[in-house]
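What follows is a single structure, and I will ask about it in a moment.
A, B, C and D are the chain letters, set down in written order, and residue numbers restart from 1 in every chain.
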Amino acid sequence: MRMTMIEAIRNAHDLAMGADDKIVVFGEDVGFFGGVFRCTAGLQEKYGKNRCFDAPISELGIVGAAIGMASYGLKPVVEIQFADYVYPAYDQIVSEAARLRHRSGGDFTCPLVIRMPAGGGIFGGQTHSQSPEALFTHVAGLKTVIPSNPRDAKGLLLAAIEDPDPVIFLEPKRLYNGPFDGHHDQPIVPWKKHELGEVNEEYYTTPLGKAEIVRVGMDVTILTYGTMVHVAQTAASEAGIDAEIIDLRTLVPLDTDTIEASVKKTGRCVIVHEATKTCGFGAELSALVQSSCFFHLEAPVTRVTGWDTPYPHAQEWDYFPGPARVAQNLKKVMEV
Amino acid sequence: MRMTMIEAIRNAHDLAMGADDKIVVFGEDVGFFGGVFRCTAGLQEKYGKNRCFDAPISELGIVGAAIGMASYGLKPVVEIQFADYVYPAYDQIVSEAARLRHRSGGDFTCPLVIRMPAGGGIFGGQTHSQSPEALFTHVAGLKTVIPSNPRDAKGLLLAAIEDPDPVIFLEPKRLYNGPFDGHHDQPIVPWKKHELGEVNEEYYTTPLGKAEIVRVGMDVTILTYGTMVHVAQTAASEAGIDAEIIDLRTLVPLDTDTIEASVKKTGRCVIVHEATKTCGFGAELSALVQSSCFFHLEAPVTRVTGWDTPYPHAQEWDYFPGPARVAQNLKKVMEV
Amino acid sequence: MHKAFHPLSLHVPEPGCRPGDEPDFSEFVIPRAGEARKPAHDATAQSMRDMAFSIVRVLNKEGEAVGPWAGDLAIDQLKAGLRHMMVLRAFDARMLMAQRQGKTSFYMQSLGEEAVSCAFRMALKDGDMNFPTYRQGGLLIAGGYPMEMMMNQIYSNAADPIKGRQMPIMYSAKDHGFFSISGNLGTQYIQAVGWAMASAIAGDTKIATAWIGDGSTSTSDFHAALVFASTYHAPVVLNVVNNQWAISTFQGMARGEAATFAARGHGFGIPSLRVDGNDYLAVHAVAKWAADRARSGLGPTLIEHVTYRAGGHSTSDDPSSYRAKGESSAWPLGDPIERLKTHLITLGEWSTERHTQAETEVMDEVRAAQKAAEANGTLTSGKSPSSRDIFEEVYAEMPPHLIKQRQEAGY
Amino acid sequence: MHKAFHPLSLHVPEPGCRPGDEPDFSEFVIPRAGEARKPAHDATAQSMRDMAFSIVRVLNKEGEAVGPWAGDLAIDQLKAGLRHMMVLRAFDARMLMAQRQGKTSFYMQSLGEEAVSCAFRMALKDGDMNFPTYRQGGLLIAGGYPMEMMMNQIYSNAADPIKGRQMPIMYSAKDHGFFSISGNLGTQYIQAVGWAMASAIAGDTKIATAWIGDGSTSTSDFHAALVFASTYHAPVVLNVVNNQWAISTFQGMARGEAATFAARGHGFGIPSLRVDGNDYLAVHAVAKWAADRARSGLGPTLIEHVTYRAGGHSTSDDPSSYRAKGESSAWPLGDPIERLKTHLITLGEWSTERHTQAETEVMDEVRAAQKAAEANGTLTSGKSPSSRDIFEEVYAEMPPHLIKQRQEAGY
């Protein structure tokens, strides 16, 4: 059945809640209203206010309470309204959720999913556009997941819900309705008309820690995730470069085998993400690739990222690493 | 005059406060008590409770209030008791301090120094040992500084205080009293007996963004900062490797010229830091070095770091990247 | 020994009515205008505890100003206040339309809450600093900030003082005592306290005001602000604008359906009161009282402005999907503009005709400003801020890595 | 029109006395034992407002139990309570000495506050969950958790249930209703509320208790906990242990020298009261009252335990550099052990001789536990946890990158 990413996420919640009454869903406006992006619409009506409810505007409270619930034995799946608003909960995530199993010698655990819409492309300015994944991948004890299409969003979310540890689940909001490729001046194809909008209605999981090669190629490996998976595909086509594109899907734990095999084959590597460059996840990818594929590399590993500035409103498309910027870097790497 | 790092920091505060009555110093226990590490001892007595005072236990409140003060026109220098406790203030730092100048078109600015003892080596377990620098270096709008000796601590702190933007100032607490080189079973040389404990009593600044080559060598470049500067020196000597060691001092902005020149000369690069590996600042350094020195590198850039786990209590010395682990990696890199 | 206990269950607050229900404010207790006493400036929190559970109201149903909080404002000031609110409403209407026309990306209006920011502003002095949310545009309008500048910001055009960097209505106007608005709820509250502490440290006479919505009182910043304000006796007025709704959740979600937002101040020994936020005179009187307290070194005051968000939360939501139809018109405290208008008419200083005429004038004024602003461009056409501006002012001085990135970007 | 205002100045709270001063608690108002009324379980916050400004006390100067809060406990329970407190004190003394002997890195004692955690624990049931700070070891001792296990943790030895991973006294004992202690102040407070919400969601009958220090009420987590507890009527008892000091700052720094910590609950409609934290009977009675409320679905209660931190903050500080000499002995609520002992003697159920004998027994018990624990090693000698354990339990299943790092580490 064709679904938007929103519908796929909603469907994942629905199946999970139906299968396991330990699963509770809450966050700001997620109850009666069904979430500002409608990802939880219908759940309160179906499962009751005890299982899906609104929360006060305290991201700290939402995550802190969820940790308590998880330690009781429930499985909270909470929504942070925008990834840009996760910082008030940062202490609870890094000091508590991430370390509870370890610090208590396994006495207490913290199975918890923290969902949040991330990324730019919607004229959201600096507070509705951020990609904070690197702030989570640096923290031991967390897993970090970013789907790029409805099929994966559902499977990865169900896998995250099944996972016995805290999972940060970043949803590229620009992909909620269709596979945005960075050509902001062109209408997007809705997921309903796209094959990756085809989502099995049954319960299924997509394992965490497994990347997907979304385009096979010989000349250069593109490592990317989220919205940039689509931008990279368009850029490669437009540049006429035989790129192999890897959708990482999970950043921690990372599928290093798939990455290594590909870069050893192509000898070149370009990393693409929306987040700011310095200490972004691209830095880690670059460090890993140059270390594991050193003798296979024919050109420096190159990063195409958001600039090291706040995300601007009016100049969104000068900030966003769109297909032109990606293509230009692909060409440059091929020239080395 | 010989000073410990604590005395040097105290002296910097004293000189700054004496020179500019816009400077106010506050934080938990920094007033009457003079700070749990005594870095602000005597300031309240000398400058009064209006200029140096205790704060309630709210890191959010300390930084949030400091931002308000900075926007008024004062220059707050605040202490977070341990870097491990900075996360409650993380939102105020990344969403507010870091972006205020940019988001207001320069209408409001945020000259602010946030000091915090960081790093391990004192049996502090997971909540008194962290090195969170990468969580700041990823954020545009912040500068991040880490001194490795009393002389620099004073000069860098005064430069940070003069800086018109928010500066994160991480103090390697294991270096407060002497240049700890990782040999935890040996007594440390106190700063009073070490030449880098020699601190000019006058007001001086050490510019932000300039690294220092602390050991000249031909075989391999070691990029490091904080406590690891001393560990690396010992490791190089013990391994008998002619390493060039660069004390970065400022992580953002980074002195890429010094780094590039050195790695182009040696052809090898080892990065050493205490923080967890994945997405640590070492990832950024590795990405930069392989990109700018690609054709000069004879071996993969190697990172020696804390493990990707919480910082343990009893197993501190198995976690801490001490001289043996650094030396072993230096040898490995030399063998390529 | 212990008695048996029943299984527990979770209580989840829900508003009295949702779409399909009949709006019902019968449980909302509204004291009569003029009833509330006016404590001395140095009253303790304890001695005026009741005022956090009552509502200061000045304008009665007949449009008369009654009670101890009345009598502060001259006719000219009242007329100016009416004008400010009318301008703000017209401004909102035009900008809402501009957003619908695609001239910008987003808009948030103050509909129904105009008195709160417009009246409050008139109790402040030049040099005082407001730390607002996105629904206090009236602080700028009443403070004489040019509408055209506000529009330049909304349009992210070439004359936008913040260079297109932020979403619409995220104004910054230091010279007009208006702190840069943040998209992150709550953060400004403790910053306001810090600014006020700085004023006290510097031996200045200026005060700060902090603004927050009912929903946002749940944020951590709210607590930090109360702690710091009470500990250091900061010269700050802490305002909570209780407009009954966060986005889709009613104020009971943040309030726990108990006490009041004003009562949050009591645990900190902060004198706290509630005011009829749709009563221009009451807001002004309470604001002046609190500002004087702060300026006299008597420390913080917490004011809960009881009002109603008559419009949607923003242009991104449709309130009919979570609010009962007609709830806005059932709101018992009425409309702030209508009420001040009636008061002036009652005083014989105003008429329906003059009001209609003023409406036209105001609309012309807003239109003229809009025209001038649009000459500088809109988000989607005409002149726009430079792309170089992305890289400027991240730091005072551009560091090498940003110079490099800017070159890479080609600007 | 405006009157002229004087320059503002910053108020910074300071304790009444610092080193060199004469301790003075004359301004500390202490209600007489037996004076406080006992409200019905379903009393509203409003109806028992006064109790946040008074102090529930049961034991009078003569050692008699008086008033409506007295009478709950049988003689055996009182004797057990006395024993628990004595064990805790002896335990602390031994571990403090062990730290000084270099057997571990750090220690924090409960000296002077023993009644708070020991008495409270006896009002709970198996299955309830405590979210403690580092000064509620009495919850474990009174709950029958083996001292040897606590010591294994303190020594980070081979039998440490948390495998040497945390600093001393950061216990975790799920089966004994004791949540893993965090070094980050405050975080447990909202987690306790979440746990209680979970119990309610699951239709369970268990309740949670949250613990926080006076200084730590300034944290954001404290506010979040109050918001969530009041919004969802969570079955939780929110305890504030006001032991007068944070590290070097007195409780007025967090409290703003106004109201009380208990009064913080009023803004949330949470029934709140203060109790004499050095009065075993009072703490127990109040705890039981609050626990019953929670279990009956009546929601949260906030309890401020008024006590005194008689020792240093931890082994890392020397209180004589910031506290007046003799402040501890001047503390007007006395010593919890002495007071319960006197009560039992007054009842004719105890004597000085039996007490001395009990002290010996207790010390033997503690010594025996210590010997057993030391057989498993201390931080600096003997058996220790494995270095492999660094990498275990970061996740339920070790991911590839950690397997690699563990190999690199050579374990």
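Quick notes
Just so we're on the same page, a contact is a pair of C-beta atoms (placed from the backbone, for glycine too) under 8 Å apart; a residue touches a chain by one contact, two chains touch by 3 or more.
The model shown is predicted, which means the values in this text are computed figures rather than measured ones.
Farthest from chain B in terms of Cα centroid separation is C.
Between the CA-based centres of chain A and chain C the separation comes to 36 Å, rounded to the whole angstrom.
Note: centroid distance chain A to chain D, computed from Cα atoms, is 41 Å.
Residue positions of chain C touching 2 or more other chains, listed in rising order: 9-10, 12, 160, 163, 165-166, 170, 182, 184, 197, 199, 201, 218, 220, 223-224, 227, 231, 253-254, 394, 401. For chain A, the set of residues touching two or more other chains reads 50, 55-56, 58, 60-61, 84, 87-88, 91, 95, 102-103, 126-127, 140-141, 252, 278, 307-310. A complete topology is adopted by the chain contact network, contact being made between every pair of chains.
Across the interface of their complex, chain A is touched by residues 9-10, 12, 14, 18, 105-106, 156, 160, 163-167, 170, 182-186, 215-216, 218-220, 246-249, 253-254, 316-317, 321-322, 379, 384-385, 387, 389-391, 394, 401-402, 405-406, 409, 411 of chain C.
Of all the residues in chain A, the ones that touch chain B in their complex are 84, 87-88, 90-91, 94-95, 98-99, 102-103, 126-127, 134-135, 137-141, 252, 275-276, 278-284, 286-287, 290-292, 294, 297, 299-303, 307-310. Per the touch definition, chain B reaches chain C in the complex via residues 24, 50-51, 55-56, 58, 60-61, 64-69, 71-74, 88, 91-92, 95-96, 100-109, 140-141, 143, 164-165, 209, 252-254, 256. For chain C in complex with chain B, the touching residues are 129, 131, 160-163, 165-166, 170, 172-174, 179-180, 182, 184, 187, 189-199, 201-202, 208, 220-221, 223-225, 227-228, 231, 392-396, 399-401. Contact residues on chain A toward chain C in their complex (touch as defined above): 28-29, 31-33, 36, 49-50, 53-58, 60-61, 84-85, 87-88, 123-128, 277-278, 307-310, 312-315, 318-319.
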